[in-house]
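Each of the next two complexes has chain A plus one more chain, namely chain B in the first and chain C in the second.
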Partner chain A sequence: MNALMTQVRRLTLFETLLLAGLLLLAAFLALPIVFIVNHAFKPYNEMFQFPPTFLVREPTLSNFYDLFLRSSASIVPFSRYLFNSLIVSAATLAAVIVSSSMAAYVLSKYRFSLKKAVMAMIMLSLMFAPETVAIPRYLIISWLNINNTYFGHVLPFIASPVAVFLMKQFVDQIPNELVEAAKVEGASEVRIFLRIVMPLAMPALATIAIITFQSVWSDGQSSTLFMQDETMKTLPYYIMTLTSGVNAVAGQGMAAAAGLLMFLPNLVIFLFAQKRIMETMVHSGVK
Partner chain B sequence: MKDMTIVRPGANPAPLPKPAPDRKPRLRRVPVPDVKGVLATLWKERLAYLFLAPFLISFVAFILVPVALALLMSFTSYDAFNVPRFVGFDNFIALITQDTIFMKYALPNTLKFAFFVGPLGYALSFFIAWLIYQLPKAIRDVVTLAVYAPSMAGGVALTVVWQAAFSGDYVGYINHFMLKYGMISKPVLWLQDPKYLLIIMIVVTIWMSFGVGFLSLLAGLDTVNKELYEAGKIDGISSRLQEVYYITIPSMKPQMLFSAVMAIVGTLKAGAISVQLTGMPITPSYSGHLILNHIDDYAFIRFELGYASTVSIVLLAMSYFALKLSYRLFGQKEGE
Partner chain C sequence: MASVSFRHVFKTYRSEKKPSVDDFNLEIADGEFLVLVGPSGCGKTTTLRMLSGLEDISDGEIYIGDRYINYVSPKDRDIAMVFQNYALYPNLTVYENMALGLKLRKTAKHEIDMRVKKAARILEITNYLDKKPGQLSGGQKQRVALGRAIVREPKVFLMDEPLSNLDAKLRAQTRAELIRLHRELGTTTVYVTHDQTEAMTMGTRIVVMKDGVIQQADTPQRIYRHPANLFVAGFIGSPAMNFIEGGIAESEGRMYFNNKRLRLRIPESFYPSLREAPSLRSVVLGIRPEHIVSDPAWLQHFDNKVSALIDIKELMGADTYLYLNVGETNLVARVDDAEDGFELKSAVEVGFQMEKAHFFDAATGANLSADSLRGQP
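Moving on to the complex of A and B:
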């Protein structure tokens, strides 16, 4: 009876209109994505054609060709930026996953003296945007002598309060009895963490992996700020050079192709993990 | 500690029932740091700290110390070459009384930008999430993806899209569209005209703001107990609006709060959008100049690091108040 009621409610004219409107809105919001996919495959003449075309007519790979091959003649080839981006993203992902899940585990399942203080700091710094204190961060990176190294790219990302928070919220759901029981059975702490808690927290792991990947893969700030050596900079920085100043027109094709390259990995990973992300987000609330 | 007795060699306590009354309390009050006790607790909790260490060290080095350092530097005059010189509140006074660009452009622009991108973008985010939740489960994921995708691509990847869309010549997409339908009579230099830049920045940022916070809201909607809606109907809730206000929002306050925090971060981070759109560190006649751009201007163009830190501290304080406000609105009171 209830199910029937909701079915009937769904069919009212008002709601049908609402749904149609929402679908239109979603399509509208996705326009930039449609555009960048099309733009990346446009030949040069189509890009600046009048009247401008939204969809590509004669798709070509020439932009990608330019991006990969022509720029290889320049001082720092495209492949170097791509390589840096891949290394930095992979290392950051591994580091954030390990450090955040370890921190989240003890914050959730252990009692220790500084727990309250640490939690309070994490809650406060959820709103932290590294952009606001770029100068001190730059100074610290120079003092640690890790500018122009991959450490300079990776280490600042380990301080990810959002990842620790999401992970902790999820681990909170794992019953304490399970941990206690394992302890009684004589399992070591490391074993409990690796064999019991981690497998159960897979959805949260997937989520923080995606959030981290998105931020590190598209982060141009550490390249601009911490890397003075051109060969240590990453892909987003390269795209910024393509879209600013004198390059804005000439580099548009390459920038579109590179932009698509920036977006695709995010999309693929998100598609694979959408369910798990939503599972984690259920526990994302701040209580 | 209480049971500890101090045994002095040679002292004869037996026949003397009254202890030296003037010495004992003083001895107790001497703050002897209980090094052994602290160490023992630390050792007992070593595993917790060991697990916490990688995150905590990075957290201290790249969040805590930078903020503390910014606070310290805000009281100095520092140009990155000479030793910082302590100047007291001079920077703050200069910010309020002399920095006309801050007062005339950076602050009002930021407030306007933050208002539209923050609360308004947040409301829109909730509204869209709520609409999506009304959809049948099968197509929910597709629509979610469409809305979430721009935030996933991020500012850098989409720069080329916005630049092409708002290009100032006939080939620009917006120009072409509006010319075709007679809304304008000649091409508009969207990104160079101070009249439009801030609005475009706001629109573009909202467009890309349906990120983690949005997903959290969407998941939060799913946690609301369905029976509450039925109960609400019996209690006389007649419209969907009332349903949202009296049932949905109170039931998903935790997610509302998390999403609000994410909205604050998003707004803070979005300062780079003006640079990405115009390709210039300083926007035409400061039309898109946000506080974040003001910091970058003083830090990386003028090298007045002390003063730039002062501006950072003001920005951090502003976002802290936004955070407090969010907790006020969506934080749960005791017993809820």
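Moving on to the complex of A and C:
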């Protein structure tokens, strides 16, 4: 306590103002999170109150109850969507980490012809919005005949230019001499990649993991376009249906509860990985 | 331990027309400490990397011992390499860093432990074995990197400017340690540097390179005393050798070096070799700073005296460097500190120890003096 007091007293006026300003800013940026949490526990009457309230007055679990139990009475239960989402997210995460880290290692540490062309293509593909490639993606998925499979969910995400780019920037920072020293020492390529490069690239791995997870976890497009079978669709798609059409009003409570559930994994992952993510952003010059 | 042999080795990068290493021929004896020295871009590091296997060989053959190793992968060449930036694995402890190579070669655990601890004792890094490289200073890191090479007990050590990242004091200290280490282990070592002091102090033999071509390969002393050409003469030695352009003319059976300001008599010992030279009209006289004398007691014995203007005076402690001006020619002389009284902008009489001088062909750069090593690669 004493130590804390002396610490506070040493702040100059400017630092105090800065601290206060930053705290205010942080509080402001935290508002959406506070809202999501509060909204999920609001009973119906509070949800549609005018003027709207920010904080919940009489918290209730009825939204969650509706989401888990009542919707389970429908043809496909909520748990099936959740299960699909978990499977797809986990598989995509693994696939993206493996493919982009290997691609980044080769692009960063190997000399081969057409390397620049490959890099240019990856950069180019960063420019396309997902909507613009929806039709080609659909054609490829149906040509491969992987509609209504988990692979159909995962495949479009595996080629992740952002992940490759971030990883490559990070692996570039690892001195070539480390790789060369390992080669002279007698390490195989696989071993160099797994034991030397990957441990050093952990911050970048954490970053691409969270970026990928966020986009997969909240992606409803692949369910809409490539999955005709209802049992193969994922959580984001289900949440969209909660508030669409006849459910526009009745589904609001469940949507609020689902919104919180969708948000929580992102929050948890970020809290665990935030230090690593900051490192990557600093290293790669991306802000 | 083993000898190393380069036979007509070339390296040409795809994007470049001129080879980076051009017809490199060299026999390195078992146990030798060979230093490759030259300015940056002279091909010395490329040569080392070809020997290590990190770089392909465009043409020619390399042998370690009797073994032809052009297509042998780096890990099977039985070499250990020390890099300029240490290249320690930051996620492993010092011990693990040193043990990795042995572990990959499936050495028995107790053997690894024994060798790592022995190397740590030699290099005095026993106290840091459990630390990560990030916690060490530059000098300590470089010892660990050396330790990693030593524990492998390879046939050849390859060192790529290992001291360049250290500060001057530590560099001198580590230099001495490397010499001691080589004496103790006796392992063939190929050492790359751009620092001629390192080359002179460490090498049992020096190879001076320029533009991918060997200029001269010989012991430090012979390279200093008998440089094969203008480039070697200018590169080795600090301060650098003085060069004076002019011509050699013979009159009444005596040879003189002439230019606008100077007329210096050439000692008779040079005559036979100079008479063999294709042309003496355009030559460069090379004389080291320590062979320009200003001591009056000495000067009276000299024929070749000249009056010069003191431009700059550098006090180095034991020596003083005088930057002299003789007409359009600038010279550096090394004089004893004891000889005080060199006033700036004042005239001083200096003498040339001509028997220590060199004469180079101005066009080809070749050393025309007899005792130099013409015919060497």
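Rule of thumb we're sticking to: the second predicted complex is superposed on the first by the 250 of 287 C-alpha atoms of A that agree within 3 Å, B and C clash if a C-alpha of one lies under 4 Å from a C-alpha of the other, contacts with A are read in each partner's own complex, and residues count from 1 in each chain.
In this section, contacts are C-beta pairs under 8 Å (C-beta built on N, C-alpha and C of every residue); 3 or more make two chains touch, one makes a residue touch a chain.
As the structure is a computational prediction, the values presented were derived from the model and not from experiment.
Participant: Should A:A181 be classified as contacting the first partner (chain B), the second (chain C), both, or neither?
Facilitator: A:A181 contacts chain C only, not chain B.
Participant: Which of the two partners, first being chain B and second being chain C, lies in contact with A:A120: first, second, both, or neither?
Facilitator: A:A120 sits against neither chain B nor chain C.
Participant: Report for A:R191: first if it touches chain B alone, second if chain C alone, otherwise both or neither.
Facilitator: After superposing on A, A:R191 lies in contact with chain C but is clear of chain B.
Participant: Output the chain A positions appearing in both contact lists, the one against chain B and the one against chain C.
Facilitator: Of chain A, no residue contacts chain B in one complex and chain C in the other.
Participant: Which chain C residues qualify as touching chain A in the complex?
Facilitator: It comes out as residues 52-54, 73-75, 79-81, 83-85, 87, 89-91, 100-101, 104-105, 148, 152.
Participant: Quick check on the complex: what are the chain A residues that touch chain C?
Facilitator: Going by the criterion above, the answer is residues 175, 177-178, 180-187, 191, 196, 199-200.
Participant: Across the complex, what residues on chain A touch chain B?
Facilitator: Contacts found on chain A: 10, 15, 18-19, 22-23, 25-27, 29-30, 32-33, 35-36, 39, 47-52, 54, 95, 98-100, 102-103, 105-107, 110, 112-115, 118, 121-122, 124-137, 139-140, 144, 155-156, 158-162, 164, 189, 193, 211, 214, 218, 220, 236, 239-240, 242-245, 248, 252, 255-256, 258-260, 262-263, 266-267, 270-271, 274, 277-282, 284-287.
Participant: Which chain B residues qualify as touching chain A in the complex?
Facilitator: Chain B reaches chain A through residues 41, 45, 47-49, 51-52, 54-56, 58-59, 61-67, 69-70, 73, 128, 131-132, 134-136, 141, 143-150, 152-165, 170-173, 176, 180, 207, 210, 212, 215-216, 218-220, 222-223, 252-258, 261-262, 264-265, 268-269, 271-272, 275-276, 279-280, 292, 295-296, 299, 305, 308-309, 312, 315-316, 319-320, 322-323, 330-332.
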